[in-house]
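In what follows, chain A forms one complex with chain B and a second complex with chain C.
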Partner chain A sequence: MPDQEPQNRGHNRRDFLRGSGLAAAGAVLGGQATAAYEEAKADLIAEQGAKVVSGEVEITLKINGENKAVKVEPRCTLLDTLRDRLEITGPKRVCDRASCGACTVIIDGEAVYSCTTLAITCQGKTIETVEGFDTGPKGVPHAFHQHDGLMCGYCTPGFVTACKNFLDKNKGKEVTLEDVKKGLDGNICRCGTYIGVFEAALAAAKAMK
Partner chain B sequence: MAGWPENPRLISTSIPRVDGLAKASGRAKYPSDERPKGMLYGVMLYSPHAHAKIKAIDVEPAKKMPGVKAVKVLMNAGATLRYHGEDIAAVAAETEEQARDAVRAIKIEYEVLPHCVTEEQALAEGAPEIVTGGGIANNRRAARGQTKGDPEAAIAKADAVIEGIYSVPVINHVCLEPHGLCASVGDGKAVAWASTQSVMATANELASAVNLAFSEVTVLTEVMGGGFGSKFGAELWGKTAAQLSKETGRPVAIFLDRAQEQLAGGNRPSATGKIKMAGMKDGSITAVVGECYGTGGITSGFDVIIPYIYSGVPNTSNTNTSVFVNAANQRAWRAPRHPQSCALTESALDDLADKLGVNPFDIRMKNLPGGNLQEVYAEEMKIGAKLIGWDRWKPRSQAAAVRGPIVTGMGMALHTWGGGGSPGNQVTCVINPDGSVEVRSATQDIGTGARTVLAIIAAEILGLEVADISSRIGNSTYPRGQGSGGSTTTPSMAPPAFDAVSKARDELFKRVAGAFDAQPGDLSLAKGQLLVKGEAKASWKDACRKLGTMPVSVTPEGRDGNAMRELTSTGVGGCQFAEVQVDRETGVVKVKKLVAVQDSGLILDMLTWKSQVYGGVIMGINGALFEERVMDPVSGRCLNADMELYKLAGATDIPEIIIEPYHTEAMRKRGVIGIGEPPTISTMAAIGNAVANAVGVRVPHFPMSPMNVLSALMAKA
Partner chain C sequence: MKAFEFAGPTTPELAVQALAGKAGAEALGGGTDLVNRMKDYVSSPSRIVYLKDIAGFRHTDATPTGLTIGAGITLANLLADPVVAKDYPGLRQAALEVGTPQIRAMATVGGNLLQRPRCWYYRSGFGLLAMKDGKSMVRAGDNRYHAIFMTEGDALFVAPSSLAIPLIALGATATIQGGEGKRTIPVERLYQVPKPGMERELTIKAEEVLLSITVPPAKGKNASYEARWKQSHDWPLALCSVNLTMDGEAVSDARIILGAVAPVPLRSSAAEDSIKGKAINMTTADVAAAAAVSTAKPLSMNKYKVNLTKTVIKRALMSAAGKHYWEA
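And then the complex of A and B:
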């Protein structure tokens, strides 16, 4: 019974819509939800002077240290923007629903599933993709290569990215196998290269010291 | 003809794959990463219904949508759709978002027909007949059976007989790179970047789809994101991309979305078996009777071998019935029919051992098949038993004595596979005057390390390092190469690589010997040097410079079957042991340890070989614990066509895994044998047996999910 939702207690649908990318939400909602969407939209415009966009707009994304101008629709995910509009194809589209981690990128220092992040929400943020990583002997890609932490390799950019972010966050700490498993549990590999991935992560942790 | 080197420098050592850094750094371009100039995005429209007739289809609204360049109808009015996920139409547009919008704008009027999406539905009395003809009636193809000896008489005389129903569900391939390709057709030529296990088969199919000669079509698969048996041809979506490209004059990419990839990108047939097994107190199996059925969806393809492995059992009978349901056609799945046959047989065998009071290790040793694998199995079993600590094994009755919910158990299983090479494939070896070396063939690396293995062979023969060799594959215009299926790529390609590089070396010797005042027979190669009568005379590069301006380029004839046997073999064993922990209150199974002992002849690269075995085991863990395609009998739709509810192991699900190559002198002498399929076969059965051992009762249905474990415990209570 949506009309009996408690007010001012945690999240309500309007808050959710405001946080989840209005335009994209509006495209798929119907009925009562549309009314809530319209209200949320009005709130945002009134409170924050937010601009509701539709059609293609040009935005600037800071990717691997470079500012890149790109035209996107409000509904474009960061992943599709990277792959289809900027030809940055390291991050892969696999599940497209935040289940598998193949699309992982680092935004403002946090590993994020780019398949469920809207590109327009990434303006002004620092985006790092696998293409920007050090490929030398101290880097994570090198460790994956040496320890055969990949087979078909389609999940690998996501694993490498998640691994780098995990190790960066744990710099100076003694990283155990259990830590690595927990740190990489947001990614899925179908070929079953996990053992090589674990070895690579532990080796990369040592190399980073 | 010489064989593999007696004391190799590189072969059998651990060598990182040559394309590993490109993959790990995101630089490797997969077919789905290709963005040729002007590329359009193609999106498929597929059936939302399990069974329906298209009464009317109107694509005009789609054609008017922004960015749309072409719409192609694949199923016209009057056509029958036979499963959720079957192709109906395709749209090519400037952006993928626009193509998706246009697909949504296509108007279709369906007449929904009655469906059967589960075997229960298809086999029920009065079920709607969804497939007819070809000997199919009541949604099944009549049982095909084979009988040996007199099973009924043997069962009557046996010391113990067990009978059970065991089953393995339909599971999906879940290739991470979806099926598809990007095609550019124009000016009487076609180029396609395809995610395929066979560039040659794909090129052939594309040529006929756009009416071009095979020689005008180039299929490229530099790397690809997993196939596991499901990616051998251009397929309807690939042909459609090529046709849309021809129509629009622009490159067109069609890669399935995740839902359709799960629905139609490939699945493994289920198997249910009513198995009766009889044996004597000394542990000998005297009879096995299997009545089995399973479904390959809308096509046949179900088949199991009962009994699996134990070919010496004197009295056997097995019937297989293919059941047809409204689901996409099955596809070859890493070791077709073996994992199911293994699970059914090995589960029943452990139940028989338990009833006879015989140790599962001993009953397997007692009933090993004869022939050259008998000793291999026996040795592998002893090694595996030691590594898992089989001396800690206790009978199932131990479970009742354990207090608290947590119980542990151990199980094991055996498997077999062929993995021989196919004759007739060719490799070109080019030695350039600047010392660069290329090997070329129209095979592909689907993640196995096939590209690396060719470079290892070339480097070994030429006394060079692996990094000195350019291993060029994944191009359909190169000399005929093997399709990557059935663990055949490496054994098929290793002999022609050996031949091409050996002959190129001999040709080099012939052409440069004069420059060193020597006869060709005086020359040899080692450590990047050319030797004359054993003495280093020039660096590899300086020696190649003597070629002048023309390279050495040889493409020997492919070997015939007999000649293949000089360098390769077929037929492997292998055994796996599992230790599990089960919570009897929640039904959650945790694999604690897995041991795999595997032979596969001469191992070319120990590092990628081990990765294949680890990967096979982990794929088996997935089948044992998580994987199951779930169909809704009411709506006829698949309920888990995603990667959220279709479960696969993540990092914290991975147990301790011990891989032991059985790589003795005798095995190395056998020559090269493929490794892709064998290590994934018996994992499921070993884990199932460990669960039975832990909880004291057989969990008859895979996966060993909480629901199936608790159901079995409830049935016992």
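And then the complex of A and C:
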């Protein structure tokens, strides 16, 4: 089963400052050049064969159709990058351990946990968050509103995102309550408002037809 | 999470080079295990080598000698594969019950096989053997989810991979890329029982990369059945995969593998021997299950797992025979 070939996700390389040249350049350059050296050091430790980055790296993420440049360390999760650096606060930080679903986003058409995805691995991919969804009468957010699919609301963006992805994947199919339960079992609601969530999902499935 | 260097190699050879290039480097697939271990400071790699974008890792290939599954394909990809659905229902069933839709969209086959144990002493930083003053914290402590076989040893955690169980039942092999080229081993040889001074349950070396799994052509019947606490988002309490060669109604050859009951995937030759030459029905399945657990030595809090293990063996055998009696 062939999978989609990954696109070129190369980082901005500063090839003029590679390898041992990097240290040598740092030793003799001053002023602006030193700043460039520091930046390059953070961005790239050149090594034979493999490209390695550390420190702050500038990456570009395509979120809800818009390219956004952001500086992150390799250890930054996509969730923290979205919330703390890009002010995209739909995805919520709850368990931060891939256990609750509140951070769900859609990457290249698949609902995933953004708390357990490193931002640096998302370059060149298409990221969708709840902010980009259709809020009109045929959209999933409207169905949640109409069917009271929330109480405190903190899990809701994750549920809406997982629900939209599940329904997009099952377009044209007759979706049953059992299907909805299985499709949304990666999300947890501590208030326990599952009945409203399931009703909203079934109504949204009808509206999308 | 501690800071680390990040490498995104484009070929398996470059990945091996990047892993060998720094002590403490670790490979990253879907991240559902490693990223959480890093957040909890159970693992703090100096360098992450990201494997999921390596193109060659991400497809399955059906040939007359079997199905080759790239280590980088996700469990969702595996579930969508028509050959898996048709020939390897035991593998499909085990994959279907892993985690949640989101986990299955992220997690890779290689990552599932090489995930680290879920033992809460290990996950709390006490090490795989969880020894304190020369004594096992597991044996004296809360061991409700721990091993019921091989418990005379020091390793009391259970091997966590759900996919390893059907793959071993099916006789699958793993192909591994190292610095000196590729090697192929049976999937069961990915695992070992750690002991004091050798606290590693995986045999793969730090600089090696799991490339693919090859499952031989299916013959006969295969099935898996697992018991969990939760309906989803949980690891099995007990899991059984069977692969049966049939001679008419009778079983001529059997492989019966148990998961989540020992520090390695466990093959039950006692159960296999008891079912050979017989038809599968409630009586013979019961006898096979009883034979399998006759050597179980549960810990202080997990005797219930012995009965659960009997049930999953019985249900896996009956499922292979197409008799889902518990659904009626």
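Here is the rule we go by: the second predicted complex is superposed on the first by the 159 of 209 C-alpha atoms of A that agree within 3 Å, B and C clash if a C-alpha of one lies under 4 Å from a C-alpha of the other, contacts with A are read in each partner's own complex, and residues count from 1 in each chain.
Rule of thumb we're sticking to: a residue touches a chain if its C-beta (ideal position, glycine included) is under 8 Å from a C-beta of that chain, and two chains touch if they have at least 3 such contacts.
On a predicted model such as this, the values are computed, not experimentally measured, just so you know.
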| In the superposed arrangement, does A:97 touch chain B (first), chain C (second), both or neither? | both
| message | A:89 in the overlay: touching chain B, chain C, both, or neither? Say first, second, both or neither. | response | first
| said: Tell me the contact category for A:156 with respect to chain B and chain C: first, second, both or neither. | reply: first
| said: Just to be sure I read the superposition right, which of the two partners does A:185 touch: chain B = first, chain C = second, or both, or neither? | reply: both
| task | Classify the contacts of A:142 with the two partner chains as first (chain B alone), second (chain C alone), both, or neither. | result | first
| task | State whether chain B or chain C is in contact with more residues of chain A in the superposed arrangement. | result | B
| field | Partner chain(s) touched by A:130 [first = chain B, second = chain C, both, neither] | value | first
| request: Could you say whether A:197 touches chain B, chain C, both of them, or neither, answering first, second, both or neither? | output: first
| task | Pick one for A:166: touches chain B only (first), chain C only (second), both, or neither. | result | second
| message | Quick check on my understanding: which residues of chain A belong to both its chain B contact set and its chain C contact set? | response | 73, 75, 96-97, 99, 182, 184-187
| query | Tell me, which parts of chain A touch chain B in their complex? | reply | 73, 75-76, 80, 83-84, 87, 89-97, 99-100, 102, 129-131, 133, 135, 140-142, 144-146, 148-157, 160, 180-182, 184-198
| query | Which bits of chain A are touching chain C when the two form their complex? | reply | 1-3, 5-6, 9, 45, 47-55, 57, 73-75, 77, 96-99, 101, 104, 110-113, 116-118, 120-121, 162, 166, 182-187
| query | Across the complex, what residues on chain B touch chain A? | reply | 16-17, 19-21, 23-30, 32-33, 35, 41, 95-97, 174-177, 223-226, 228, 257-258, 446-449, 607-608, 610-612, 614-619, 622, 642-644, 648-652, 654, 657
| remark: Residue positions on chain C within touch of chain A in the complex are 1-9, 14-15, 17-18, 21, 28, 31-32, 35-36, 38-39, 47-50, 52-53, 55, 58-60, 73-74, 76-77, 80-82, 99-103, 105-106, 231-233
